[in-house]
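The structures considered in this document are given below.
You will see two complexes here that share chain A, one where it goes with chain B and one where it goes with chain C.
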Partner chain A sequence: MISLYLPERTWLHGITAGRKLFALALVSLLIAPFDSLPLMAGLLAAVLALYASLGRAALRQLSLLRPMAPLLAILLALHAWNGDIWLGVSLCLRLLAMILLANAVTMTTRMDAMMDAVEPLLRPLAWFGASPRAVALAVAMMIRFVPLLFALWDALNEAWRARTGRRGGWRLLAPFCIQTLKLSHHAAEALAARGGAPRGDTR
Partner chain B sequence: MKDRSLVQIALYAAIFAVLGLLPKFDIPLAGGVPITAQSMGAMLAGVMLGARRGALAIILLLFVVALGAPLLAGGRGGLGVFFTPSVGFLFGWVASAFVAGWLMEKLRDKAVFPAALVAAVIGGIPVLYAFGIVGMSAMSGLSLLDATKACLIFIPGDTIKAVLVALVAQTVARGLPEALLSRAS
Partner chain C sequence: MTAIRLRNVTLRRGGRVVLDALDLDLAERRIGLIGANGSGKSSLVRLFNGLLVADEGEVEVHGLKASEKASELPRKVGFIFQNPDHQIIFPTVGEEVAFSLEQSGLPRREALKAAVPALARFGREHWAERPVHALSEGEKQFLCIIAVLVMEPAVVVLDEPFSSLDLITRRRLEGLIATLPQQVITIAHELDAFAAYDRVLWLDGGRVRMDGAPAEVVGAYREWAEAQAAEQALAGDAEAGA
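After this line comes the complex of A and B, so read on.
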């Protein structure tokens, strides 16, 4: 699976996930009341400097912004239509800076470290009878299901192609749902056989 | 929570991710415009799982995306997506799945196709767009009216997706009736 995580270690990898998340939240709160153009341009420049300091692989991730281009163009056009293009420009700069800053946290933090950092926030779930460990189990199962479901879809697509010579597309959705539901019955039985999902009262 | 519910929530969160990462669907009605299938995932989770489990499946997906998995359409993911102008749609999916599932439970004595169509359309369009438009307006400084204009281009595609979801629900109801969990027990 493609990953947003940068495998080579940079200085930002060394900072704990909790601190990075706190810094991100702090920056987003601090800049919320402002929309001055020089400030936003400065923020974006600072974030780009941060990327540059993380090396070439980080700079390559800037291409993630490409799918955003049409939406930003529409936003700018609407602001121009309302006669305030510079407000539109500064808001677009703010969006770009915050998206990149948040992505910088993601690309230098392993998923398990992120999970550990948010675990204390999940503790209140125990009041509702759900265990934070059940959440961790659901996360793990979901991540494991994704490649499995790709394989299932490919198998259905191959079967369809063998019969029609074309790609199945949306016609495969219903058999796909039925097959995946059967899969989930097996997974649930296997889980029950191993003692079941963690409950709120046990740790 | 029962083991089976937990597995099904994880399963539909994974289906949601897979729908976004598959090569583009060729939907004949769309006039050649490629449509990512992902936003079907929220309607599908609601219609198939019911209100509570459907909404939890989407929450699980958003959680895993926030942890750093690139599971949204086009390989997007990580914390960055929560700072884009379309963040309202991410939270709108949760409401969308909940409302679609709730309607599906309410309409349980009606035929599957019309019930699923009503549930998917109401959950997937007005409910989703209410969140999406407010989020767009807050993130981009546009007025609500302008934000609505920026979102309108997606509505034809979402209507087609609602019809597909209803067709899928009907086929599943015929092929494996107990799989339509929004109607089970």
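After this line comes the complex of A and C, so read on.
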């Protein structure tokens, strides 16, 4: 199960969400014009060193990259076909480094701190009648329910395999959607039972 | 003052009468609701905090008329659902508790600060930073209860809270419920959970079939349920034989 947030405090937890997000944006802007292989390799090495400095739990999150492998393979194959494999390699290195860097921010920042940092950017939404708090709540709920949806998929797959001996695959999509809607109905009811989503900016 | 009062309350869902002209005064501190699936238990308790609205009649909860002050009911009536995973809204324990504090009127920043002392009142201050998916089932249920109690409701409704708990966790939860100062209304199929309750109501087809001391009502319900099961088994055999 993916668990984005690291409960053990690391030095990166101590830096404010705003600074971390700003640094992330800055790095991605600064490297944007370049595609030199040594630079990208150096960047990835630096990011890996950052993970090492955060401890074992952070390094374990590197497994998060496994689902990325097919995508990277396709990218590499496309570039090889175009006759520019090294550009492909450098592109993959850049992608890996930036994904890991973004994940480093996610796993060391509490959701509320993240939303505090992002809320000022959402403020223009209020001009259109949407509450930034409601958006913040929706994002928090999304993060909360991702592991639950994975568990739901696993449960459906298990039920399928128990009766067929095979993996369910795409055939689970329809029941998964129905179960997800049911789950969202329960969550909505529980939210209503506690007084519903906060309206407007209450600060 | 009667805590919860229903006068001639009828509720329909999808054309079906779910609650049928109920008159009830619920003043006891510990009240149990039992009955077969579909008897109206869950619908009844949903009237108490405005999750459902009666089609006819009047519901009054601690002086609030549900028809007039529906939006204030969630602060009066805390609700614990069967599956804690459906109820926990936030990724970390601290945020979950802070949300409740915010719902009861604290500004957001103060709510976030107050979450840790609120958890400390239940001996769980070390949970504040924990991701909720790392908690066990029993711990999640406990978090749901903490999140409801910090809103300081007058009534706590538990809708089948024991269904997914092992016996040890269930007994601990029952122990915790017993200490609550609030009025508690519990729906459960674990009939022995009501032994120390003040009053048990048996719902059947949207009406109160029996109402009284736990021993009598639970005993009668158990007898009825066993007889029903035996009867249905006989009917099934007859059908299979024909």
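Following the convention adopted for this analysis, the second predicted complex is superposed on the first by the 132 of 203 C-alpha atoms of A that agree within 3 Å, B and C clash if a C-alpha of one lies under 4 Å from a C-alpha of the other, contacts with A are read in each partner's own complex, and residues count from 1 in each chain.
Following the convention adopted for this analysis, a contact is a pair of C-beta atoms (placed from the backbone, for glycine too) under 8 Å apart; a residue touches a chain by one contact, two chains touch by 3 or more.
Please read all numbers here as calculations on a predicted model, not as lab measurements.
**Q** Count the residues of chain A touched by chain B and by chain C, then name the partner with the higher count.
**A** After superposition, B is the partner touching more of chain A.
**Q** Between chain B (first) and chain C (second), which, if any, makes contact with A:33: first, second, both or neither?
**A** After superposing on A, A:33 lies clear of both chain B and chain C.
**Q** Which partner chains sit in contact with A:105 here, chain B, chain C, both or neither? Use first/second/both/neither.
**A** First partner only.
**Q** Check whether A:83 is in contact with chain B, with chain C, with both or with neither, and answer first, second, both or neither.
**A** neither
**Q** If you stack the two complexes on chain A, which partner ends up touching A:14: first (chain B), second (chain C), both, or neither?
**A** neither
**Q** Which of the two partners, first being chain B and second being chain C, lies in contact with A:196: first, second, both, or neither?
**A** Both partners, chain B and chain C.
**Q** Is A:5 contacted by the first partner chain B, the second partner chain C, both or neither?
**A** both
**Q** Would you sort A:143 into first (chain B), second (chain C), both or neither based on which partner it touches?
**A** Touch partners of A:143: chain B and chain C.
**Q** Could you give the residue numbers on chain A that contact chain B in one complex and chain C in the other?
**A** 1, 3-5, 110-111, 137, 141, 143, 148, 183, 187, 191-192, 196
**Q** Can you list the chain B residues touching chain A in their complex?
**A** So the residues of chain B in touch with chain A come to 1-4, 6-11, 13-15, 17-18, 21-22, 25-27, 37, 44, 48, 60-61, 63-64, 66-71, 74-86, 139-143, 146, 149-150, 164, 167-168, 171-172, 175-176, 179.
**Q** Given the complex with chain A, which residues does chain C contribute to the contact?
**A** 49-51, 71, 74-75, 78-79, 81, 83, 85-92, 94-95, 98-100, 102-103, 107-109, 112, 129-134, 147-148, 151
**Q** Could you list, by residue number, the parts of chain A that touch chain C in their complex?
**A** It comes out as residues 1, 3-5, 7, 9, 110-112, 137, 140-141, 143-144, 147-148, 183, 186-187, 189-196, 198, 202-203.
**Q** For chain A, which residues are in contact with chain B within the complex?
**A** 1-5, 24, 28, 35, 64, 67-68, 71, 74-75, 78-79, 81-82, 87-88, 91, 95, 98-103, 105-107, 109-111, 114-115, 118, 129-130, 134-135, 137-139, 141-143, 145-146, 148-150, 153, 167, 169-170, 173-178, 180-185, 187-188, 191-192, 196-197
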